[in-house]
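Several structures are given next for inspection.
One chain, chain A, appears in both complexes that follow, with chain B as partner in the first and chain C in the second.
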Partner chain A sequence: MKGRVLTSDVLLGIAPIALMIAVWQALISFGYAPATLLPPPGQVFMRLVRQLGNNEYQQDIAATLFRLFAGFAIAVVLGVGIGLAAAASPAVNAVVRPIVRVLAPLPKVALYPALLLLLGFGHESKITLVVADALFPILLSTYYGASMVEQKLIWSAMAAGTPPRQILFKVVLPAAMPSVLTGCRIGLVISCIVVFLAEMITSTDGLGHVLVTAARTFRAVDMFVPLITISLLGLILNGLLQWLRSYLLRGFPEV
Partner chain B sequence: MIEISGVSQVFQTSGRQSHLALSNISLTIQDGAFVSILGPSGCGKSTLLYIVGGFVAPSQGTTRVKGKAITGPGPDRGPVFQEFALFPWKSVLGNVMYGPRQQGVSSAEAEAQSRQLIEMVGLKGFEHFYPKELSGGMKQRVALARTLAYHPAVLLMDEPFGALDAHTRTRLQNDLLNIWERDRKTVLFVTHSVEEAVFLSDKVVVMTRSPGRIKRIIDIDLPRPRRRAELLLDPHYQKYVVDIEGMIDDTSEDELHP
Partner chain C sequence: MMSWRTLVSRLAPLLACLGLLGIWQIGALILDTDSFPTAIDALRAVPSILTDKESLINILASLRRMAIGFGVGVGLSIPLGLMMGRSRAVASFFNPLLMITYPVPKAALMPIIMLWLGVGDLAKTLVIFLGVSLPVVFHSFQGARAVEEKMLWSGAAMGLSAGQRMLRIVLPSALPEILIGCRTGLVLALITMITSEMIARQSGAGNILFNALDMGQYDTVFAMIIIVGAMGIGLDAAFEQLRKRLVRWSEPRFDLPLSFS
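Let's look at the complex of A and B:
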């Protein structure tokens, strides 16, 4: 029964994607867009398959993935750490809150030119930009999750003999896990977007760089390949995170 | 022995006003006694329990357990809350093992003890279930087992059966009494049900509505072990219930005509 529901959900999910590809094909078939500028999906997918076997392209994927993972991982550590500390300590909260309010709405990509000057064209500038963008959703959702932990869970642990300084990791963090992971999921999507964007602006490798290079030389097919690659990577990573989430939250209701 | 002397509790409300929740409570509870605190909602009876638990510091007055002043929570006083407050990320076994593990009991030893307790509260076979997979009554059994697991001398029960349906409630009352008969821990039991208080307790402390004061302390002189079917027919039991219900009604009248 559950298996059937899952399949029909998957089918429903595939339908709009199939529709999008059909519209894409129709635009070309009915002559609304010339195939030289908007290549047909079949051709793009063939190129994608070929490129995935290409060593140079694989290195570009690796560069993008490395930046994405490094940036996302640092954002998780910092976001969860600062979020927990702010929820646990009014003093930390007093320090963190104004900074977050000032920095969170700032378009982090505007920092990118400065980061390039400071950190150079390599991994560091891109990883830093990913951290700057992915940090806030993780930090905020950790903070709110940790602030809303039911008082009586903490009391139950304290009565059982847990010392106050261990409450944070033994009760608050696990109890806040649903909202921490929601923040991580948003942070991951943002990481995918930002790493690609940074590579488009200035880079010597990575998927964003492949796209920009192809566009500048009017190679329309090669322009779409990295786009589809990053969305497939996003899909896979999100799937992995979802799997991790349902494992970590197996005891929580409504997951 | 629990000694509560001159305890008052003032809360700051949002409008910068202070609200007197408890006023000058003094109460002594002997070791091994089952004492219920009975009162209308908002009389501060749960607050009194939290003060004994060390979760809330009183604005005034002192509380002592076995002669030692209470400064915070400790494994000598085990709470059981109406909301169960089980750790959702731990299985039934994990929840029950938590206390012994915190007390430094080895993993194997803690597991053996916990399995025994889970069996005692009638949940054998549910060790690896998560709280979300259990009914309310089962959750409260787990919560009781989790608290008993670290051997508190005093059980602090905060309307533990208040969220349960009548049938489950009755069964849990019986089971609690059976468990209590074995080792006669001191129990401080907060409830707003008169029948529950009379059925379970040696002593019923009736409180007035806000500010919470002790109105009367009634000794329940009914034989133990108590059997529900016999007790319901016992005129003494019926008289206790009717008398105490009258006191609660009076309390409400006071509230209406201050």
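Let's look at the complex of A and C:
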């Protein structure tokens, strides 16, 4: 019974995607859109498959992934660290809170020109932008998760004689884990978006650069390929994170 | 003593601003390169941009596109999210589509949309609309899903139709969550606005920013960063005021901006 519900869900979910592709094909077949503006889906997917086997394109993907992972990893370390510190110490909290309040709503893309001028056109400026954008959701959800930890858990740990530093890592962090991982998930999606944008603005490699070169030469097919690739990458990374989440949270009740 | 404390906590964001500007100033003085002007130089360039008629028109045009994109996005996304939250079929219909489109940077669609719609207002507003929609849909979805069943049952028992239940029970109880989504959407709208103008260099605040970068007018670059940053902070603060008014009844769960970009 449950299996049947699941398959019907999957079918329902595939329907709009199939519909979209059908409309896409129909637009071309009935001559509403010239193939130069909207290439047929079959052609796009063929190109995607061919490009995925292409060495140069693989290097572009590798460059994007490297920046994405480097930025995301730094953001996770910083975000979880600062978030925990702000939840644990009132002094840190008093400093971090107003700064976060000011920096979080700032559109970080606008900082990119400044980063370019300071850090140059290489990896550094792009990674910094990814860090700046992915940091705040992770920091904020770590902070909320950590400040929502049940006081009784901390008291029992203290009663059992756990030193304060260990309480932070053995009690507070695991208890805040669901919230931390939610923040990481948002941060990951943002990292995907931002790394692509940064590569579109100035780059010599990476998926964003592939899109921009295709746009400049009006090759519509090649414009769709990097977009589909980044969407696939996002899905795969999201799936990995989901798997990690179910592994890390195996002791938790369903969340 | 107490009042002094509240005063400090009120002024804390302002102090943080001043502190950051101070760090910038010191950093610029230490680095001492042409491409990194001091904070004071950049601040000095702000009034000349804001009094220049052409750039003012550009910035206002940007804000108008953003407002339209944000308004339409919010207006369409909230009903969709609420319906997804209340109906399993609707949710499983839209969820995979949204999951696929989420990691796609909306501003990256700009070159393709430009091919179809040109570089004008329509293309940029559409991109902003797309950028705003997803977080609002997601949060409305979460909010509507968490509505207490019992309230809906009592509503139904008292003879509310499905539409009325949606409007008078689901919408208000999901409102705090929806507004968190709107806040995120607001920040995303600003980001998408800047990037779309950077790609279609024709008008707007992003155009001024990146043209100045290309021409090496570093004072203008940093002044525009200050202006755009101030817009973000100002809009966020204004929205926070509105949010507090609308959901005063609910315990404020987040008093820091949970923006996700």
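Heads up, the rule we're going with is that the second predicted complex is superposed on the first by the 242 of 255 C-alpha atoms of A that agree within 3 Å, B and C clash if a C-alpha of one lies under 4 Å from a C-alpha of the other, contacts with A are read in each partner's own complex, and residues count from 1 in each chain.
The criterion applied here is as follows: a residue touches a chain if its C-beta (ideal position, glycine included) is under 8 Å from a C-beta of that chain, and two chains touch if they have at least 3 such contacts.
None of the values given here were measured: they were computed from a predicted structure.
Room for both chain B and chain C is found when the two structures are superposed via chain A, with no clash between them. Shared-chain residue A:Ala175: touches chain B; no touch with chain C. Once chain A of one complex is fitted onto chain A of the other, the partner contacts of A:Arg250 are limited to chain B, with no touch recorded for chain C. Once the two complexes are laid over each other on the shared chain, residue contacts for A:Trp155 go to chain B alone; chain C is not touched.
Counted by residues of chain A touched, the larger count belongs to C, out of chain B and chain C. After overlaying the two complexes on the shared chain, residue contacts for A:Arg50 are found with neither chain B nor chain C.
The superposition places the C-alpha centres of chain B and chain C at an angle of 90 degrees about the C-alpha centre of chain A, rounded in steps of 10.
Annotation: superposed on chain A, chain B and chain C show a minimal Cα-Cα gap of 11 Å. Taken together, the two complexes place no residue of chain A in contact with both chain B and chain C. Put simply, chain A touches chain C in their complex at residues 8-10, 12-17, 20, 33, 37-38, 94, 97-111, 113-114, 116-118, 133, 136-137, 140-141, 143-144, 186-187, 189-190, 192-194, 196-197, 200-201, 208, 211-212, 214-215, 218, 220, 223-224, 226-227, 230-231, 233-235, 237-238. Residue ranges on chain B touching chain A, taken from their complex, read 50, 53, 55, 72-75, 77-79, 81, 83, 85, 87-91, 98-99, 102-103, 130-132, 146-147, 150, 152. Listing the residues of chain A that touch chain B in their complex gives 150, 152-153, 155-162, 171, 174-175, 177, 248-253.
By the touch rule above, chain C contacts chain A in their complex via residues 12-13, 15-17, 19-20, 31, 35-36, 88-89, 92-97, 99-109, 111-112, 114-116, 187, 190-191, 194-195, 198-199, 209-210, 212-213, 218, 221-222, 224-225, 228-229, 231-233, 235-236, 254, 256-261.
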